[in-house]
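Before anything else, here is the set of structures, which you'll find just below.
You will see chain A twice below: alongside chain B first, and alongside chain C after that.
Showing the complex of A and B:
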């Protein structure tokens, strides 16, 4: 547990000093909203379309962030140092997933209001509680799978390509559930609650993949 | 002295016999479908191909678990061949499914059908298995990472089917439900024999590839022992375990 917090604190301090990942994710999301505005030729969207745009933007931003997750460890020999330390190896997984979750949450603090101003037709205010519930579960899936895929890809030669091509199909069920759960929340005709069925699927997906990641992560570090 | 491909002859004969019987049943015994007519016969090839491919993916994941638990590279070879073969069968399933969809629904691709869409997603995921292996040079790490991928992806198969099925309506003929389905007996028998035939084909090809790969490895070892390291030649970069 202490090792997890130590690595997490290290990652956050690194981000605070370099501002490398989070600002890039935010800028990427804002540009994507602009791209969607022109690509779709719409100035205001709602319902399923709005949910889709928001989900896709966050998904790609998350993949961008996941690609950077282990770069410091690889370049500065952090993996070796971590393996030498007498700590549980899964604490690295927990720390990285927590860092990823925090990055995503901070990204959404900026990106979701920006989405509300730039593209969303209906008012954002009353829709926030429902949206936060959906996004929290979605962030968990993005954090867990992003960390796992990033750890697989970091030692490959073509890692910038490997992590999205593995990550996208793996995240598709989570993407489906997020887009479907957020659609009624962002609906033009009044805000509905997110459907329990999709929240349940998203939660199930989070739990199952967290367990799988926990089970296999050890083997990605052995050397 | 290792013998390669032990029992392969019997397996091959059984496969050919079963597939012959299955084809005979498909064309001469099973009745014509009342709505779809002759094109429905592709069902006896398409569905077994898809089922065997999906089972092959899951088996690849299970063999990968054995690899990580024992650390023995032969399990990695088995897992690799299982996934490799399942990919080929899966492409066959996608193509035959597309033909069937065009004939019976009028479109090559139908998004509203969850089985089709989830199968495509699974194929997209497993299609990254070879590029992943290919881009890791160290053979030991390649085997380990590929096994991790195979386990994650194998567990992904059922989960993905649940999620996609819930997202969409049902267009696919749901013939294999737990409640017994609605296949008449003659069609059910034909389907069962076809499924057995395709499964045997998968097992046979799996065994052939394992035997070929093991023989090649042994040959390299012998050449190196007899003629020195240079005679074996440099290993070409490959996604396959070596």
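Showing the complex of A and C:
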């Protein structure tokens, strides 16, 4: 835990100094909502369409952020420095996934209200608790898989292409479950509560990929 | 428990490491007694940095046997990590963090008390600039911080790749108590400049195309050997 907190604190400090990741994710999301607003030619959407737009936008914003996760480690010797320390290597995975989760949560603090203003038909307020539950589970999936994919891609020359090529198929089940879980929440006539079945699938997906990431991450750091 | 007085601090037997088809190190054998300095000489690409990275546990050997402080690599790498310090070409410091922040980060990873960081910063004369971002520092200052990082956890074995690079004579004097031969460390030192490295060494390994051209005491390394090594 000590190493995880050390790496996480270092990453957050670096982000506060450079603002390289979070502002890009926020700008991307806001721009995408504006594009959808005009491209769909509708002032308001709800239900499955709203859930799809929100989920896809957050997914691509997450991939954008994941692409930056290990750049400082790669370019400034952070990998070597970490590997020289007598610490469990999976603490790097835990720290990076936690940083990614925090970035996504902060992104959503801005992006979800903007989505509510720019695109969402039904009022956002009563739907927030249900939506937060869905997004928390979705963020976990995005954080774990984003970290795993980024750790694979960072060692390749075409890392900007590798991340989405590997990441999108892996995230497809999470994307479907998130959109299905969020659809009733964002529906005009919906109850505002996400369906338990899709929440369970998302949670299961989170657990399975967290275990896979834990099992393989050590090998990704080998020379 | 390993009795370090009974065996060399570093032992290589037929060490081989390849990058693709090319052997960066080929059947290298050498023993470094505890508390002594091995100078590794050779042209660019001879395998000097690869050797240091294997000893630092950053690279796996592909053949032969490697022991550091009695522990086999790579099997016992987790034990060795806390006992070696690497000062390589790269300072391993984040450019957007200050020197102090960088060192405190490394101190946390190595379970080192924060007071040690402050002592080292003062020791290398960086007290006034320790809160500046690393990107704003001169190369010599960055090298001084890199020395602090390498010795932060008081390693028994120091792996030094051109340790005096970018340093003026005054800075060399400042870092000498930390990485010099007088403090009991076992050291492996690489240099492109053979003269000072040989003066500093108890044993000299000449590498040519990844192979050990010679392993001799410094007094037996003459101009002829150096000409053959660098020629």
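Please note the rule applied: the second predicted complex is superposed on the first by the 220 of 223 C-alpha atoms of A that agree within 3 Å, B and C clash if a C-alpha of one lies under 4 Å from a C-alpha of the other, contacts with A are read in each partner's own complex, and residues count from 1 in each chain.
One rule holds in what follows: a residue touches a chain if its C-beta (ideal position, glycine included) is under 8 Å from a C-beta of that chain, and two chains touch if they have at least 3 such contacts.
Just so it is clear, the structure is predicted and the values come from calculations on it, not from any experiment.
Chemist: Answer with clash or fit: chain B and chain C placed together on chain A by superposition.
Modeler: They fit side by side.
Chemist: Under the stated touch criterion, name the partner, chain B or chain C, that contacts more residues in chain A.
Modeler: B
Chemist: Let me test your reading of the model: by the given contact rule, A:220 touches which partner, first (chain B), second (chain C), both or neither?
Modeler: first
Chemist: Quick one: classify A:86 as touching chain B (first), chain C (second), both or neither.
Modeler: In the superposition, A:86 touches chain C alone.
Chemist: Which of the two partners, first being chain B and second being chain C, lies in contact with A:78: first, second, both, or neither?
Modeler: second
Chemist: Of the two partner chains, chain B (first) and chain C (second), which one does A:35 touch, if any: first, second, both, or neither?
Modeler: In the superposition, A:35 contacts neither chain B nor chain C.
Chemist: One more residue to check, A:44. First (chain B), second (chain C), both or neither?
Modeler: neither
Chemist: With both complexes superposed on chain A, which partner does A:193 reach: first (chain B), second (chain C), both or neither?
Modeler: A:193 sits against neither chain B nor chain C.
Chemist: One more residue to check, A:157. First (chain B), second (chain C), both or neither?
Modeler: In the superposition, A:157 touches chain B alone.
Chemist: Let me test your reading of the model: by the given contact rule, A:212 touches which partner, first (chain B), second (chain C), both or neither?
Modeler: In the superposition, A:212 contacts chain B only.
Chemist: So if I take every C-alpha atom in chain B and every one in chain C after superposing, what is the smallest distance between them in Å?
Modeler: Minimum over all C-alpha pairs: 6 Å.
Chemist: Just to be sure I follow: which residues of chain A are touched by chain B in one complex and then by chain C in the other one?
Modeler: In chain A, positions 222-223 sit in both the chain B and chain C interfaces.
Chemist: Hey, which residues of chain B end up touching chain A in the complex?
Modeler: 68, 121-122, 124-125, 128, 131-132, 135-137, 141, 144-145, 147-149, 151-153, 155-156, 159-160, 162-164, 166-167
Chemist: Show me the residue ranges of chain A that touch chain C in the complex, using the header's touch definition.
Modeler: Chain A residues touching chain C: 2-3, 5-6, 9-10, 13-14, 17-18, 72, 76-78, 80-87, 222-223.
Chemist: Can you check the complex and tell me which residues of chain C touch chain A?
Modeler: Per the touch definition, chain C meets chain A at residues 56-60, 78-79, 81-82, 84, 86, 88, 90-97, 101, 105-106, 108-111, 133, 149.
Chemist: In the complex of these two chains, what residues of chain A are touching chain B?
Modeler: The touching residues are 148, 152, 155-159, 161-162, 165-166, 168-170, 172-173, 176-177, 180, 197, 201, 204-205, 208-209, 212-213, 215-216, 219-220, 222-223.
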